[in-house]
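Worksheet: one structure, shown below.
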C-alpha cells in the first residue's frame, strides 16, 4: 500500500493530483502500457493516473497514438504489455462490454451512433444494463417490463435535457446535425453510468461558441455525475480551459505531463507540435 | 418533456390491435367458408406458413442485419420434429399438435443457437455462405441418416409419409398472430434495442455495455425457432415430408420475400409473403411463363425500388389513429389524457 | 493404389473445372463485392450453346467451343450492363437479390424454351484412355488439366502484367480512388465480367466433356460448389480459387470412392465451415479489420 501511495504521487495524469482527489483511490491507473501491431510499436511505456473527479487531457500531434490509447483502455485492442486498473480492478482479459460495466464509457472520433434508431432509443441502448427485466418479461409484457421501460424513458429524457435535446427525442439519430450527433454520443456514454468518461475529440467540427458551450457542459457533467473525464482534443482553447492535468503523447510515448500552464511552456511539446506543422 | 400531442394509452393500443386481428380473423373465416375453393384454402394455409417464415427471417436480416441463407434448414428441423412427434405419440390430436409445435419451435431454436454461435463469429457474405453450408448439411443428413443408423425413422428421399394433417385455417392464423406478437414484443424491449444497436454499429454497441455475441445469437435463435414453428405447421399441413423441399432454393425464396417487402419491416414481410405466394398460384394458367415473369419482377423491383416494397416502414395502428386524433377528427379529447400517457 | 491414383486424377480434373468457375466468382466478388449467383447459369447457357451448335446446326466441335465461349462472355457482360450497373450504389443485398433474379430468369427461360429434360451434347472428340503404369488416364482429364493450367497462366499474366489488369486491381482496391486516377471504372468492371464469363465458358466446355448433357438447373449446384471453392480458397484471390477448387474436387472424389457419395456435398460444406471458422477469410484471403 505504501508503494501504491508513492506511485500515486509520482505518475498522476498531470504529474500531480489535485487536493480534491488526493486521498481517494484513483479511478484509472495505467502502468507501463504498450501495444505492438506486427513489428510496429504504436504505444509504449504509457503511464497515467487519473483522479476520481479529474478532467484530464491527452493531446499530441496526429498519429501520436491517442485513439489507440482509448482503444487499449476499453480493451478494443488487447495490450501487449502493461496493466490497466479501473478503480483498482485490473481489466486484463476482459471484453469491451465488461470494461464498460466496470465503469468506462467512451465516444468515438468518427461518430458511431445507432443511425437508424431514434435519439431516445440511442440513449436507451446506453441504459440497457440498468434495466432489470428478462426476455420472458418482455415477451409476455409482464408488469416489470412496463415499470422498467417507463423508468428508462424518464431517465433518457433527463439525460437528453443536459444538452437541451429532449424535443429531438424521436428524431432519427443519423439525421441530426454533426454537433448534435457528437453531443448525443456523449449522452449515450453517460447513460451507461460510467465512473470514467473517455471523450475522443468532442469538439471536432464545432464552432467556437459551440465549443465554449461544450466546455461548460463537460465541467457540469463532471460535477453533477461525480465522475472523471479523459479527453483527446486538438482544440487548445478547450483543453487549456478545462483540463486540470494534461499528458502529451508523441510517437506512442508520453513526452510531458503537467498542468496546462506547464504544458504550454514545455519546449518538448512545442517542438513536437511545431515540428509537425513545419515538417 | 410533455408535448401537447394526443396519444393513446397502452391498454387501448393493445385493444385496438386485438380488435383489428379479430376482424381480420372473422373476415378471413367468412372467405374460407363461403367463397374460397378447397384449393384456394390450401393456398391460404401456405400464405400463413410463408408469413411466419418471412417474418422470422426478417429478425435475422432486417433487425440483426445479417444474411443467413440456411433458413430452410431450420424449417426442416421443425418440420421433422413436429412430424415425428405427432405421428408416433399416441396423444389426442390437439395435445399432440400443440406439443409437436412447441417441440419444433424449441428444436429449431436449439439448432439456431448451435449454428449461430460459430456462424455469427463471421459477418456478411461469409456468414451467408456458412449458414448456407449448415442448411445443406441438415438437408443431406435428413436424406441419408436412416441408412447410416439403420433406422426407419426419417425415410430419407422416399419421404416421411402419413403425418397427421392437423394444420387448418384457424390454428395457422393463431400461429401467425403469436409469431408476429412475440417478435414485435421482443423487438420493442431492451433486448430488441440491443439487437438493432448491434446492426447499426457493433463496436459502439459493445462499448455501451452490450454483450454483442449473446444478443446476436439470441436474435438468430429467435429467427430459427419461428422457422421451426412454420416447419411444424407445414409438416402437418402437407402430411408428407421430403428433404429436398428444404434445399437452398427454399431459403432463397424466403429471403426474396423479406427483401422485397423491405428489410426490417414486419408488415412488408407479411405483405410480400402473401403476394409472392398467391401470385405464382394465381398465374398457374400461364404455367410456363410465370416463373420467368416472377424472376423479371424480382430484377426490376431491385433496380427501381432497391429498398423493397415498404423500405423499413412499419405499420402501427395506434400511430395512424393518433395522427387522426391530432388532425381534425377527434378534437374533443382533453389535454389531460395526453399528459397521462406513459 | 491404382484406385487412389485414378481418383486423384478424377479429383484434379473435376477440381480444375470448379477452379475455373470459381475464378469468375472470385474476380467479380473482388471488384464489386457481389456474389454473382447468375454465374452458374452462364455455364448452363454455354452448355446449351454447345448442344445447339453441334446437334441442331450440325457444325463441328471447334465452332461449338468458340460459340460457347463467346456466348458466355457476351452473356456475362450483358447481365452486368443490364442488371448490375444500375445498382452500383444500391445496398449490397439488393445487388444479391438481383443476381438471384437473373439466375432464376436464365433457368426458367431455358426451361420455357427447351423444356426441363436433359439435352445430350455430342462428344467434342473421341475419348481415349492412356495408361500411366497401371493408372488409366483419360484424354478428357488430360485436356481438362492442361486447359485449366493454361487459362490460369494467361489470367495471371493478364492481371499482373497488363494495363487492364492493373486497372482491375486498382478498382477492386478502391473504386473511387481508381476513378479519380482516370481509370474507366465501368469498362473495367465489364471487362472483369467478360474475363470471368469467358472462363465460365471454358469451364462449361470442359464440364460437358465429362458430363455431356445440358439441363436448365445444371448451373445452380455446379455454381454453388464453385462458389464454395472460391470462398474456401479466399475470395478475390486467383491462386486461392485454384486451391479451393482442387481441394473440393479431390474431396468429392475421395468421399465418393469410399462409398459415401450421398454425403459428398455435406463433407464439402463441412470442410468449408471448418476452414472458415479457423481462418475466416479462407486459405489465401486477406484479413480486413475494421478501424476503430
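Letters A, B and C mark the chains in the order given here, with residues in each chain numbered from 1 onward.
Convention: a residue touches a chain if its C-beta (ideal position, glycine included) is under 8 Å from a C-beta of that chain, and two chains touch if they have at least 3 such contacts.
Going by UniProt, the chains are A = ABC transporter ATP-binding protein; B, C = Branched-chain amino acid ABC transporter permease.
Just so you know, these numbers come straight off a predicted model, no measurement behind them.
At the far end from chain C, in terms of centres built from Cα atoms, lies A. Each chain gets a centre from its C-alpha atoms; the one nearest the centre of all protein C-alpha atoms is B. Chain centres here are Cα means. That of chain B falls 34 Å from that of chain C. As a whole-number value, the distance joining the C-alpha centres of chain A and chain B reads 41 Å. Taking each chain's centre as the average of its CA atoms, chain A and chain C sit 50 Å apart.
Multi-chain contact residues, meaning those touching two or more other chains, occur in chain C at positions 292.
Contact with two or more other chains is made by residues 203 of chain B. In chain A, the residues that reach two or more other chains under the touch definition are 76, 108. For chain B in complex with chain C, the touching residues are 61, 67, 118, 121-122, 124-126, 128-130, 132-134, 136-137, 140-141, 143-144, 147, 203, 248-249, 252, 255-256, 259-260, 263, 288-289, 291-292, 294-296, 298-299, 302-303, 306-307. Every residue of chain A that touches chain B in the complex is listed here, in rising order: 74, 76, 95-97, 100-101, 105-106, 108, 112-117, 121, 124-129, 131, 133, 135, 138-141, 145-146, 148-150, 152-153, 157, 161, 166-167, 188-189, 191-192. For chain B in complex with chain A, the residues that touch the partner chain are 1, 3, 10, 182, 185-186, 188-194, 196-197, 199-201, 203-212, 218, 264, 312, 342. Chain C makes touch with chain B in their complex at residues 29, 33, 35, 83, 86-87, 90-98, 100-105, 108-109, 111-112, 220, 224, 227-228, 231, 235, 262-263, 265-266, 269-270, 272-273, 276-277, 280-281, 290, 292.
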